[in-house]
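The same subunit A turns up in both complexes below, where it pairs with subunit B and then with subunit C.
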Partner chain A sequence: MIKKALTLLIAILIAFWFLTPIVLIVLSSLTPSAEYYDPHRILPRSLTLNHLRSLFVTLGGWRATLNSIQVAGISIGISFLFGLPAAYALTRFVFRGKNSIRLAILLTRSFPVLIIGIPLLTLYMRIGISDTLLGVALAHTSMVLPFVVLISSSIIGGISVEYEEAGMIFGLSRFASFMRITMPLVLPGLAASAIFAFIMSWNEVFVAAILTVGNRTLPAHILNAAMTAPDYFKFAAGTIMAVPAMIFIFFTRKYLMSLWGISLK
Partner chain B sequence: MAEVKIEGVKKYFGDVKALNGIDLTIEDGKFVVLLGPSGCGKTTLLRCMSGLEKLTEGKIFFGEKDVSNHAPKSRNVSMVFQSYAVWPHMKVYDNIAYPMKIKKFDKQEIKKRVMDTAKLLGISELVDRYPVQLSGGQRQRVAVARAIVLEPAVLMMDEPLSNLDALLRVLMRSELKKLQERLGTTTVYVTHDQVEAMTMGDLIAVMKDGVIQQYGKPEDIYHKPSNKFIAGFIGSPQMNFIDVEVKKNDSMHLLAPGIDVECTPEMSEKITRGGFSKLIMGIRPENIHHVADKNAIPIKGTVYFSERLGAETIVHLKAGDMRIISRIAGDEVFEEDTPMNMYVPPSKIHLFDPESEESILD
Partner chain C sequence: MTYKKGITPYLYFIPVIAFLIMFLGYPLIETFRLAFTHPTEPLGNFLRVTRTGEMWKALRYTLMISAIVVPAQLVFALALALFINMRFKGYLFLLYIISIPLALSDVSAALMSYSIFSPSGYVNKILMNLGMADSPIYFFGRGFETRAFWVIVITEIWRATPLVFVILLAGLQSVNKEYLEAADIFGFSRWTKLRKIILPILKPAILSALLIRTLFAFQIFGVAWLLTGRDIPILAGEAYYWQSIRYNSNVAASYGLVIALISIIISWIYLIVLRSREVEGARA
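== the complex of A and B ==
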């Protein structure tokens, strides 16, 4: 009984710890400016969408959001195009240096992308893709691709190779067997990892800010525009950043859990 | 249906020689069992025949056709996998129908064949279910149905019964055998279970270290094992191996503590020709009796231990510092530590060269 109550208490505390800032951010972003600066009020009497609207419309937030989606889309596309075959090879074939390759891929994740930001900028200027979405997307790919390779390889590894071999025995080529037998089985997992990759790119701010001036992604744009604006704009920006990620996580939480090897059963 | 001919097949994984020169001919319509301990290469050989593994060296023919470099899909083979590999995202019906869908069969034809095959295996009621809703035994029937629905040239089975419980295994053993007899499909069956091999195989190929040790009818493998490994691998409890010395007076004798075998003319001739002074004598437990037969050779010892199994009794006899195991029909009581004589018919004695471990009699 006491143990149960204690567990509940701790759970509530943890929930408070994480939820309070989010609630305050969302609330502040919806508070009219007059009430926001009223020192006698904590909770607003009325809510307004004005801050969000002006951030989106007048301050160019909508365009930045579209940029973010494009960048994430391109980088996920490239990552899966190269990452999936790599993951397949790492899982299904035995070859020399396999473990070293796996380790090298993991190692790239230990470098913050920030480090390559400046060198990338000079390189991009030379080849003429600085301040482009493609440039940011490629930089994000360097962060997303290793993640996709490692996660996809563990997802593919979770599917018995005999399913695929059965496909090959009963009339499919190796490629067709992968596409028609293994793919449907790994698709939910891959979708979940794609969403996670999306959030990685969506949240990345430093490289995006370094590499672009005009074509900024949402976080880079906010860093630029909202940080010099009144507080409630900052909170509005925070809301815009947090909500999509939260929605995605909400719908894929079950898969994300199993992606990282935590079984829910 | 086809005859399978394997010529000089080698398969290396890096430095590991999984198959080290295999020659094997499987007649059309025969049920052949590849038998051996784990790591002997039996599964690798099967996978090479199916095309899932590429050969390092050698050739494989189905009938007249050289299929050595063919992809699995163009070999017209089918396989029952150890894990069944029934595709979990398809219903039973679609699992069985899939090989035909790939080959673009007519819808009506597919339906007829699926239902016929499902009926043959007693899974007609299950066709609308997903594999997760099936028991292990049912899943296996689906795997078998999928494998036979298209009448393959060669049907391959990789330890199909090893994931079933003991009772079901005995049942499926006879069912698979009956099914194969009915279909007449050339079948290659991999197992490490000697009982499965003995009961199901028309022919058995015993393998060890990537080499076929002996290929023959079950009764020949049992009665005339060509070396000590095979003799020990087939039969339970294991064959007794006794180190004996060759003594020659007026006639030839094989001597060990408590044992004095007077050689038959055939034995004497073989021993003399090989010039052996020492041999390994092999006697199967079921050939050692406690009742004296005419001509039977006595083994003198004391009862060390006896296991009463009801239908039979396993007696451990101590002769010198050797332990000889005998299997006696019926429920018999043997007092421990009492002297006892056991008897072996001379025709049931196997002799092996202690150097090469090859049989010298057969």
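== the complex of A and C ==
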């Protein structure tokens, strides 16, 4: 009994620690400015959507959000287009140098991706894609692509190759066999990793802020504007950055754990 | 498995490898070139920021933040993982709550911290309502660097502990229940079980969590930059400052190179530790 109560108490404390900042940023983004600045008032008497509205409408938040979605979409697209063949080869073929290739891809994950922003800026100016969403998306792809290769190869590896071989015996091509037999089975897992890739790109701020001036993604826009913007802008910005991420985590919570390599039953 | 001779399997990797050479390999080389390009002396870009002490200050702060944040996260995450692994009623719900910060950006985390620690923030509201402070306590700005430093540390611990936590929790799944039951029969204490059974089995997970977190800790940017600007200078923040505000790619690249070199050294140490562990395993 005492043990149960103690467990519950610790669980509540942990939940409190992790949830409080999230609750407070949402609360502060909904609190009228006068009430936020009133030191004697902790909880507001009324809530307002004005801050979120002005962030979206007058302070460029909506455009930046659309930019962020486009950047993430392009980099997920390229990552899967380039990454799936490699993931397929890693699981379905045996060949010399396979482990070295896998290790090389794994090692790029320890590469500090933020440093590529500076040299890419000069490259983009030369080839004429500076300050474009494509430029940011390509930079984000170098962060997302190795992740997609590794995670997809572990997902595809979970489906036995024998189904595909049976398909090929019955006359399907290698590609058709993969698309019609394995693909439907791995699709949920790949969708979860695409969502994860979306969050990686959605959250990336350093490279995006360096590569763009006019076409900023949401975090880059916030980073740039926060220095001079009023407090309510910061709270509204913190909230709209956090909400999509939390929704995605909720929908992928089953996969989230397997994305980090565990099966917790 | 299909055994493949010839070049067919390698063709599948051409897009990935070509892309990574173009967007990771080339920028790395270009970072070197930019960092060492200076009108008069090859080390000029470094000297410009080491003579004034700026780079040392940024390096020192980045090291100090990493040295506090990484071990704190490890201890906190281990405790959380052991707690969740008890699988009490409702543990999945708590697991979901703990994993929320995994999806949050450093930008959101910084702004959350700001809403709590700003002069009109919730900490000050609560302290003033309880009568524990007459006027707002300042956590940011000139003259309050020590407090700002600790706010950054707390924010980083809050934000990134869940990453360490999921890796350790994954590792805990490979601890065989029978070992623990055997230990119970021999009357081992909880502490002995943790030290002699769980931690050794968890060592690979601990090492990879440490590697990932140390690498990321040296790239800390959003939290420090948004909360303190250059009051608490950090390596990535200085790179951003020199690139986006001073328009000097060469000095910015010098900072980038320092981050890259630190990452290479950390990965290298990790590989050595990992290899020596394998040798140990082979002997045993």
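The working rule: the second predicted complex is superposed on the first by the 259 of 265 C-alpha atoms of A that agree within 3 Å, B and C clash if a C-alpha of one lies under 4 Å from a C-alpha of the other, contacts with A are read in each partner's own complex, and residues count from 1 in each chain.
Following the convention adopted for this analysis, contacts are C-beta pairs under 8 Å (C-beta built on N, C-alpha and C of every residue); 3 or more make two chains touch, one makes a residue touch a chain.
Treat the numbers as computed from the prediction; the structure is a model and nothing was measured.
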item: Overlay on subunit A: subunit C relative to subunit B, clash or fit; value: fit
item: Partner chain(s) touched by A:Arg253 [first = subunit B, second = subunit C, both, neither]; value: second
item: Which superposed partner A:Pro39 touches (first subunit B, second subunit C, both, neither); value: second
item: First, second, both or neither for A:Ile10, with subunit B first and subunit C second; value: second
item: Contacts of A:Pro184 with subunit B and subunit C, given as first, second, both or neither; value: first
item: Subunit B or subunit C, by number of subunit A residues touched; value: C
item: Contacts of A:Ile115 with subunit B and subunit C, given as first, second, both or neither; value: second
item: Touching partner for A:Phe170 - first (subunit B), second (subunit C), both, neither; value: first
item: Minimal inter-chain CA distance - subunit C and subunit B, angstrom; value: 6
item: Contacts on subunit A seen with subunit B and repeated with subunit C across the two complexes; value: 94
item: Of all residues in subunit C, those that touch subunit A in their complex; value: 1-5, 8-10, 12-13, 15-16, 19-20, 23-24, 26-28, 30-31, 34, 80, 83, 86, 88, 90-91, 94-116, 118, 120, 122, 124-126, 128-129, 136, 158, 162, 166-167, 169-170, 173, 211-212, 215, 218-219, 221-222, 225-226, 229, 236, 239-240, 243-244, 249, 252-253, 256-257, 259-260, 263, 266-267
item: Complex contact set, residues of subunit B against subunit A; value: 13, 50-52, 71-73, 77-79, 81-83, 85, 87-89, 98-99, 102-103, 146, 150
item: Of subunit A, residues touching subunit B in the complex; value: 94, 160, 162-163, 165-173, 181, 184-185
item: Residue numbers on subunit A that touch subunit C, as the complex places them; value: 4, 7, 10-11, 14-15, 17-19, 21-22, 24-25, 28, 36-37, 39-42, 78, 81-83, 85-86, 88-89, 92-95, 97-98, 101, 105, 107-108, 110-123, 138-139, 141-142, 145-146, 149, 161, 199, 202-206, 209-210, 219, 222-223, 226-227, 231, 234-235, 237-238, 241-242, 245-246, 248-250, 253, 256-257, 260-264
